[in-house]
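So, here come the structures, one by one.
Next come two complexes, and both contain chain A; in the first it sits with chain B, in the second with chain C.
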Partner chain A sequence: MLRDELNLTGSKEGCASGDCGACSVTVDGRLVCSCLVLGAECEGKSIETIEGMADGEKLHPLQQTFLEEAALQCGICTPGVLVAAKSLLERNNNPTETEVRYWLAGNLCRCTGYDKIIRAVMKTAAEMRGGA
Partner chain B sequence: MQSVQFEAPKTVDEAVALLAGAKGNARVLAGGTDLLVQLRAHMIDPSLIVDIKKIDETRSFKKNRDGSYTIGAAYAGAEATERDDITKDWPGVVEGWDLIGSTQIQGRASLGGNLCNASPAADSVPAMVAAGMTANIAGPKGRRTIPVEDIAVGPGKTSLAKGEFVVSFNLPARPKGGGDAYLRLIPRTEMDIAVVGCGVALVLDANGTVTSAKVSLGAVAPTVLVVKDAAKAIIGTKLDDAAMAKLDAACQAAAKPISDKRGTVEYRTKIAGVLARRAAKIAADRARSQ
Partner chain C sequence: MAADKPLYKWVGTRTIRPDGHDKVTGRAKFGSDFSLSGMIHGRVLRSPHAHAKIKSINTSAAEKLPGVRAVITSKDFADQPSELAAAGEAMVNYKDMVRNVMAREKALYDGHAVAAVAATTVEIAEAALELIKVDYEVLPHVIDVDDAMQPGSPILDDTMVPVGMDAKGPTNIAKRVEFTLGDAAKGFAAADVVIERSYKTAAVHQGYIEPHAVVSSVSEDGQAQIWCCTQGQFMVRTFTAKLCGMPVSSIRVTPSEIGGGFGGKTVVYLEPLATMLSKKAGKPVKMTMSREEVFRASGPTSAGSMTYKIGAKKDGTITAVEAEIKLLAGAFPGSPVQPACMCAVAPYDIKNVHLVGYDVVVNRPKVAAYRAPGAPISAFGAESIIDELAKELGMDPLELRLKNAAKTGTKAAYGPTFRNIGYVETVKGAMAHPHYKAPLGPNQGRGVASGFWFNIGGESSATVNINEDGTAVVISGNPDIGGSRASLAMMAAEELGIDYNKVRPIVADTASVGYNFLTGGSRVTFATGLAVVEAARDAVRQLCERAAKIWEVDAEGVIWDDGHAKPASTNVGEFEPLSLAQLAAQAAKTGGPICGHNAQNVQGAGPGFATHICDVEVDPETGHVTVLRYTAVQDVGRAIHPSYVEGQIQGGAAQGIGWALNEEYIYNAKGRLDNPGFLDYRIPVASDLPMIDAVMVEVPNDRHPYGVRGVGEVPIVPPMAAVANAIENATGVRMDALPMSPPKVLAALDAARMKQAAE
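Let's turn to the complex of A and B:
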């Protein structure tokens, strides 16, 4: 539905079984795998995808830091990781590394390994706490 | 795949009528984290899907005046783990629930779905059983309430009749001196299916003697087990070494696992005893620190 009907192709279909997290979106603020949600269930609900993360040309701090820290390689997992990380930071602006790793355990990356991703999320959290 | 009729009724009666009147294979949709996987893998081919989440009773969570809880069958794990009341009163129940899949899966996975999917390895079930939870079922003949352990009858099979579905659960008030715990063994730290799971709920008196207990094992039989001999082994004791050895032996005796890629019969049997010891110790520590 998101990709084929609405042309919102930012969310990736990886496994289509809820394992990889590449299709992560929020439904009424709750992080889910969109591959395991039927379109018909979402009537009247608010869905946020990666397309809504940047504010026009201005990237979300997580997106900016992922670029600066090279926290991606092929990029397939990245939209899901970013949506999931944003959901974490909205709930907890000062997560421990362990909390970040557990929160993102359902976002599989097969290129970079996870350290750069985790570091970028930790750095963004620190910057968002310190700045603005 | 045939075309699927999708309905999202707002009342229990409408849902029952739809399920009871279905001509082909009808499926209940709660969080969908099993149903949609099975649908996409063509393991099932339902003619009707009934989404029960528009029914208030399935999505509600209530702590009652007497300290007990009424939990909607479609209430999600991520919602439960963010609550202070149940995480303090029944940490073992929340542990089991919270172990189902990733953060994303937690956003949808429900107790009703985890139970009615009837996997022997369902993580939420042993702790629900140990805690003495019951399920409120609605069906064409009205409502009935049965213990959680009476729902699954084998892998993927439940005792529910045509037209019946689980609406909500009752979780008793935490008894004075009560504590519970759930442990599972997997070869990694997250995102895996239990090799063995064990739930223990017990009550200690002021002297630290166990006055009541319930022990439940997952993934070692076609259904989640209630191990009465394991409870007997520790009731009346202070969980000394001899009692723990009897608890271990009772769980090993009750375990009737299969060998598969996750573990052998011998390994699973041994682990059933080990997890029971550890879970009993954690439950007792929690009871003392209450």
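Let's turn to the complex of A and C:
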């Protein structure tokens, strides 16, 4: 629905079975794999995808930090990881490394070994706390 | 790390990658993100049998289904003669390739394509697949490499004649390779200690998150445009042209952004099918693999079975190594057994080496390259037995490696004599790292292992266009998987002497840049990088000529320094330097556009070496292994963009940890793949791993202007043995087969406890 009907191809299809997290979006603030959600289930609900994460030309702090910290390689998992990480930081602005790792355990990345992703999320959290 | 004073303005810095913004905003277009108006959808019918004769295929009902525009089978593709072509580090045979994209006489593995349909919707295409009647005669199958070599095994191709050996009658052995250095028998005779062991590794998939996807559009005049996710747009053009019987000039391939490849996108699967369907239907055809299709029908890497024998003096000098390495190739010949043998003991200066390798066909998907193809398999055996040798000799395992380390001037068993290499530096780097001396707790152990990958160069072309406003465009032809555009732009900025952000790197389609060998073998930053450097120097030469024209002096009297043309000396005359922007603005008046170009077959790839340290904790109740700490030391030549070099090291190590602990293809009794999904084929997730400390050692490659060595592949070579050696140190139990998953580790622990209780 998102990709084919609305042409929002930022959410990626890696498995269509809810295992890879590349299609992560939030529905009324709840993090889901969009491949497991029917369009009809979202009637009247608010869906946030990667396309809405930046504020115009101003990137979300997570997006900016991912660029600076080289937290992506091929970039196919990146939209899903960013949506999931944003959802984490909205719930917990000071996560431990373990909390970040378990929160993002549903987002497969084959390129990075996760190291720079985890560091970028924690650095963003620290910056957002400092700036708040 | 690099010297204290920065040698360069851009090389060695951590710039923002040029494709980064599009990738964090979702704007970047990957394979399946591409669509055309009027496009229809293709799906593939796949064999449910591991091995079956195809007696007939009836497509008439499918063709009659409303909405179906084209149906193809192997009949639509002309047969190909046996002819080899390069695909990444391996060779492929067109006779096999045409059979792999569409089964002909036989279906040779579960998932083998037998027909394809294009229809107005995916749903109609899938419904049409169910209407295709295939009459199979199911044959006995063989999945395991050792079984396939046994007399009486089911034979995949009874016409196959093995290369490099004599065979009495039909065989599944496609090829035997042999590497000999010195005299192994003499070496063993001189040894104080001799150990012999056998090891096995499981087939694993590259596991890129983006499934294969393509849109192909063939117009009425026979011209085809293809958009796809691939590691090599030129490879897709060559192979599709061959299989579809079209001239190369009639196919234009545009690579999309690529969502991981790791070697798995160095061959064609869907591209010839979509092109043939489009030709028949007269419409653009889009095809995307499901995750299940990716697992069942795209190339995993080989499973391996090997026996190693090693001999050493009491002082640790290794006197001889002998090994027999058997790799399964899948349904068609072409496992990476050659590189497996080449890399097996390459980190060591051993005078007597005898390696024999076998390439064996079985009823599984044809293997494709996977990061340092073959090397991680042979290294699991070599680096495990070296660890056992260290135990036997009572030596520190890194001391043993250092004592036998290959250095500049060492002759490798696979032929070359090493030039400047940095293996010793990686071992010393590991020994000096605080990780190596950190305390361990109960049930914890530490393992080390080394690895080697030769790296490659290859055909490379690049253009550097100077724009009228003083910016530049770098045009290259290699899909960028992990940040290579950034490194190419940085080297160009360095040469031109302009700001990195004024250089825009573009990955061009096959009609817009000279030929480039595919992205693989860790070649792009090295080889295409060299072409970019030479193209930038060509542009600089032209810029200097333009300045000479303006100053009315000889071109030899002009030098390029920090982005400006300057008189070489006061003898030339007193002239204000001219910036690149000033020269670019006057280009029309001084001779026209300024375009630097270079094309060459790049030689001189610098070999890569790595040494890894791994700490694990083994749960004695469940057999579950947790990786607690991981350090990877690697000679990277010179890191152009250190962050992305670290990323290669971290990602390679993580893939190796997955190969070590979890990943495997599981076949049932019928030869069907039981785990074709990310739920049951478990790649490492964030919570499985610790931080991975990437330590870069820089021993510059003297055959590259910036000292670049390929860095992407060697990090996957050491992890499996490093983890096995750590488990042995934690438990006293030697795991000789992968994956070292909880049930297997627990079984080994239980067996050891039973044995201990009995004694």
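In the analysis below, the second predicted complex is superposed on the first by the 131 of 132 C-alpha atoms of A that agree within 3 Å, B and C clash if a C-alpha of one lies under 4 Å from a C-alpha of the other, contacts with A are read in each partner's own complex, and residues count from 1 in each chain.
Just so it is clear, contacts are C-beta pairs under 8 Å (C-beta built on N, C-alpha and C of every residue); 3 or more make two chains touch, one makes a residue touch a chain.
Owing to the predicted nature of the structure, the values given are computational and were not obtained by experimental measurement.
Visitor: Taking chain A as the common reference, can chain B and chain C both be placed on it without clashing, or not? Answer clash or fit.
Guide: fit
Visitor: Is A:Leu31 in contact with chain B, with chain C, with both, or with neither (first, second, both, neither)?
Guide: Only chain B; A:Leu31 stays clear of chain C.
Visitor: For the overlaid structures, how many degrees, to the nearest 10, lie between chain B and chain C at the C-alpha centre of chain A?
Guide: Computed from the C-alpha centres, it is 100 degrees.
Visitor: On the A-aligned overlay, A:Ala105 touches which partner chain: chain B = first, chain C = second, or both, or neither?
Guide: Both partners.
Visitor: On the A-aligned overlay, A:Leu2 touches which partner chain: chain B = first, chain C = second, or both, or neither?
Guide: neither
Visitor: Determine, under the contact definition given at the top, whether A:Met122 touches first (chain B), second (chain C), both, or neither.
Guide: Neither: A:Met122 stays clear of chain B and chain C.
Visitor: Where does A:Glu41 make contact in the superposed view: on chain B (first), on chain C (second), on both, or on neither?
Guide: Only chain B; A:Glu41 stays clear of chain C.
Visitor: Going by the contact rule set out at the top, does A:Ser17 touch chain B (first), chain C (second), both, or neither?
Guide: In the superposed model, A:Ser17 contacts both chain B and chain C.
Visitor: Could you let me know whether more residues of chain A are touched by chain B or by chain C?
Guide: Greater contact footprint in residues on chain A: C.
Visitor: For A:Leu82 in the superposed arrangement: first (chain B), second (chain C), both or neither?
Guide: After superposition on chain A, A:Leu82 lies in contact with chain C alone.
Visitor: Quick check on the superposed model: minimum Cα to Cα separation from chain B to chain C, whole Å please.
Guide: Chain B and chain C, overlaid via chain A, are at closest 5 Å apart by C-alpha.
Visitor: Hey, what residues of chain A end up touching chain B and chain C alike?
Guide: 16-17, 19, 102, 104-107
Visitor: In the complex formed with chain A, which residues of chain B make contact?
Guide: 6, 8, 29, 32-33, 36-37, 40-41, 49, 51, 53, 76, 78-79, 101-105, 107-108, 189-191
Visitor: Mind pulling up the chain A residues that touch chain C in the complex?
Guide: Within the complex, chain A touches chain C at residues 3, 8-17, 19-20, 22, 49-51, 53-54, 59, 63, 66-70, 72-79, 82, 97-98, 100-102, 104-119.
Visitor: Which residues of chain A touch chain B in the complex?
Guide: Interface residues on chain A, with respect to chain B: 16-19, 21, 24, 27, 30-33, 35-38, 40-41, 43, 84, 87-88, 102-107.
Visitor: Chain A touches which residues of chain C in the complex?
Guide: Spelled out, the residues of chain C in touch with chain A are 14, 16-17, 19-21, 23-30, 32-33, 206-211, 257-262, 288, 290-291, 481-483, 641, 643-644, 646-648, 650-655, 677-679, 683-689, 691-692, 694.
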